[in-house]
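Each chain gets a letter, A, B, C and D, in the order it is written, and its residues are counted from 1.
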Amino acid sequence: MSIQSNSAAGSQTGIHAGIRATIQASDQPLGRDDLARLVARDIAPGSFVNLGIGQPTLVSNYLAPEQNITLHTENGMLGMGPEATGDQIDGDLINAGKIPVTELPGASYFHHADSFAIMRGGHLDICVLGAFQVSATGDLANWHTGAPDAIPAVGGAMDLATGAKDVFVMMTLLTRDGASKLVEACTYPLTGIGCVTRVYTDKAVFLTGPDGVQVRETFGCTLEELQDMVPVPLRAANVDAS
Amino acid sequence: MLNFIDTVGEAVAGIKDGSTVMIGGFGNAGQPFELIDALLDGGATDLTVVNNNAGQGDQGLALLIKEGRVKKMICSFPRQSDSWHFDAKYRAGEVELELVPQGNLAERIRAAGAGIGGFFTPTGYGTMLAEGKETRYLDGKWQVFETPIHADVALIKALTADGKGNLVYRKTARNFGPIMAAAAKHTIVQVSEIVPTGSLDPETIVTPGIYVNSIVRIDSSGAAAAGKTEQVA
Amino acid sequence: MSIQSNSAAGSQTGIHAGIRATIQASDQPLGRDDLARLVARDIAPGSFVNLGIGQPTLVSNYLAPEQNITLHTENGMLGMGPEATGDQIDGDLINAGKIPVTELPGASYFHHADSFAIMRGGHLDICVLGAFQVSATGDLANWHTGAPDAIPAVGGAMDLATGAKDVFVMMTLLTRDGASKLVEACTYPLTGIGCVTRVYTDKAVFLTGPDGVQVRETFGCTLEELQDMVPVPLRAANVDAS
Amino acid sequence: MLNFIDTVGEAVAGIKDGSTVMIGGFGNAGQPFELIDALLDGGATDLTVVNNNAGQGDQGLALLIKEGRVKKMICSFPRQSDSWHFDAKYRAGEVELELVPQGNLAERIRAAGAGIGGFFTPTGYGTMLAEGKETRYLDGKWQVFETPIHADVALIKALTADGKGNLVYRKTARNFGPIMAAAAKHTIVQVSEIVPTGSLDPETIVTPGIYVNSIVRIDSSGAAAAGKTEQVA
């Protein structure tokens, strides 16, 4: 199945043609870095973006300077730069994962209530999060396994899920046991309801919403093979769907 | 009334058993380590502590929890790779946990300082963290009613204070400091530097002195060194 | 009736002994400036204070530097200085009455929501307001005559009345028609309920609260003469009442 | 998406009939006079305008009201010695008025930008401005339920913008600018100066560029002169 042009990619025609060609040529499941590269390509120029802890952080490695993306970190900063190394490391400049980062020109700092107002007020264009499960209608479960002895910790996950204009999830499609993480209804405790708009996995990119799940592209499998792995009805995306 | 105080011990001396204490910081950035250590030394117990986390490693808030001085934690992210003291106390049923989404934590603290009696927010709607809470459909979405978090005392860290108690912070160490300063009845600040009144540009002051009660200067070279060590740990 | 020491005056013993003597000697109703001087004397050192538009603004003329009072103006400033004159006049630096003012060392600027959070969060020690009427239990009416053809305008009056720890009112005791502005219940539309703690007038200083009205001092009249003018029961203040 | 625009006319060209328009400023400080004039020239009508006042003298918002372009004013202090155009339209029943206590106005605007669906505040309780509103006893006092004020467009004035749209203001001209920028879908800013990205200290930025859509530079000497004149008037 071919890659559909989405609005983000469409508005930056040519910038990442090389990257796109690479992905199209792949008939293998995507590795984490290729997936991060794909997400980065799909972010519209000029966007304000929050990248969640873990796999989503990889996306920052593939954002092109021409995209003019501004990264938000919920502990009080817009204009976050790459991870700090060596003498750049400054204990007062960390990201939400508590990793030392750097500051880009045009950055700004603010307190926690102002920082979450940016999220909760719907000002972020995209937030990219990891997930345990995503439902066919875009419910997200990514903060708690629900295990009775687990100590819960939510951080900013619920605010990010609720506040951003678009929530992209990055995850492997299957658990280690081969179960689909794309599900009819989440069995893990929810982070947010109907909030996820796209799911980037090693095997396919899904568009989720009230009308169910569309498949934008597949990696190393056919739509039919994908349907066998996933317990929710899938259909191919329309060209103008995303 | 603003006081400049010589030692962290004197600064925290008035904190009573049973107090609600807000502690600034996100990770190590903005953590008032010296004030927390003084609170540990001071002996106050039966505390409700408001912080983003629930202590890390074998220092600061983690030790306060280990020593059984914290009755209840209000935080967004207690479980970390090195939150072993909290984990043990929690599993033993010896510390109560109110888990709050980070943005709700920030907004509830802000509400306390701003005189807001409660507010509706979409965050958490439909999740177990909103169970039992009032909900209402507003602005096209379901929202959850949240109430302010007030405190008796706030312990925060800033970069610089002037003679009026005006504060500026440094980079992401700002985090919870400004909203906690406003939400607590008594705000104690550790700073690296105290400058004469009039030295700070009035356009750039983040926390006006009206929110500050006690200021203690911590030797900044020492504090910076400690920060580096803790960052690596 | 003698002037009772209040906590504010008590904590600054001696600073304004001269002013106090002047007032004590007066057996005439107080003029606006003497009243402003009296209010200024009663403000405890180190206080954060908002002075309303009109007569309350006069208080700033009598605050002694040793009192270390910080003035708040609700349009976004702490550390407001005296009215600007000549070259000091700057259209970007005005008070709530839109009069050009100056900036004192240690001033700070903030936006309107942060400014009203200072008031509404109960952080101001004292706010001094004018009034049309004050009730025996401290209800305030100062924003609207209630006349059917009047265009209402409230500004920050309700926020100030509700938010400050103490609300002092400054007004003449009687209207031009000789009616008392201290009343059993306000007939003008209310600004706030039970918010006024002291009423400074040309004829007396009153302490208001849930237990009714106490008279702290009189100017040019006896308590009995005052009672004849005022339709609410008055009693002399206890020494420790204020 | 941020755009730097050459003229105020182009900046306001997209404002549609029936829009809700927030206009910054308190008195003349922070009033985006040039943008208001452009809105007047542009012809958009049937507007709901959010401003602290309802126009003064024969300029800016007062003329917009005089020309019958304002359907409704949401403000705290319409009546002033020189608000004759509003007064006349109001008495003629040709403009609707929603009178809001100034702090509620600010907090409701802030709520819109911060994603708060509504909040309780003591301000106005028991007064005619709270008639018909929900009340609740919280934190030891009666409070009134207030809802956010959203806008299609905000017109504000700042001192300086950088290439990312970050803004700093000047003295009490800051007032409603930062909260209106966050509350509107589209924020148009007039500034005296545009500086290269990286020229503003990240610690001192008041409005991050995420809240800004269009920036137009107004010749500052002219603007300052106009400000002086208006101040005297």
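Criterion: a contact is a pair of C-beta atoms (placed from the backbone, for glycine too) under 8 Å apart; a residue touches a chain by one contact, two chains touch by 3 or more.
If you want to know which protein each chain is, UniProt gives these names: A, C = 3-oxoadipate CoA-transferase beta subunit; B, D = 3-oxoadipate CoA-transferase alpha subunit.
Computed from a predicted structure; not experimentally measured.
Between the contact lists of chain A and chain B, the overlap consists of D. The minimum number of touch steps linking chain B to chain D comes to 1. With each centre defined as the average position of its C-alpha atoms, the distance from chain A to chain D rounds to 35 Å. Chain geometry summary: the mean Cα position of chain A and that of chain C are 56 Å apart.
For the pair chain C and chain D, the distance between C-alpha centroids works out to 30 Å.
In chain B, the residues touching two or more other chains are 107, 114-116, 121-122, 169-171, 202-203. The residues of chain C that reach two or more other chains are 103, 109-110, 113, 116-117, 119-120, 163, listed in rising order.
Taken together, the touching pairs give a contact graph of some other shape, not a line, ring, star or complete one.
A complete list of chain pairs in contact reads A-B, A-D, B-C, B-D, C-D.
Those residues of chain D that touch chain C in the complex are listed here as 26-30, 76-80, 83, 86-87, 90-91, 97, 99-107, 109-110, 121-129, 169-179, 206, 224, 227-228, 230-231. Interface of chain A with chain B (complex): residues 73-77, 89-95, 98, 100, 103, 109-113, 115-117, 119-120, 144, 149-159, 162-163, 189-193. Touching chain C in their complex are the following residues of chain B: 1-2, 112-116, 162-164, 166, 182, 197-198, 200, 202-203, 205, 208-211. Interface residues of chain D, counted against chain B in their complex, comprise 107, 111, 114-122, 136, 138-139, 141, 143, 147-148, 150, 168-171, 201-204. Within the complex, the chain C residues that touch chain B are 46, 48, 70, 72, 78-79, 103, 105-110, 113, 116-124, 163.
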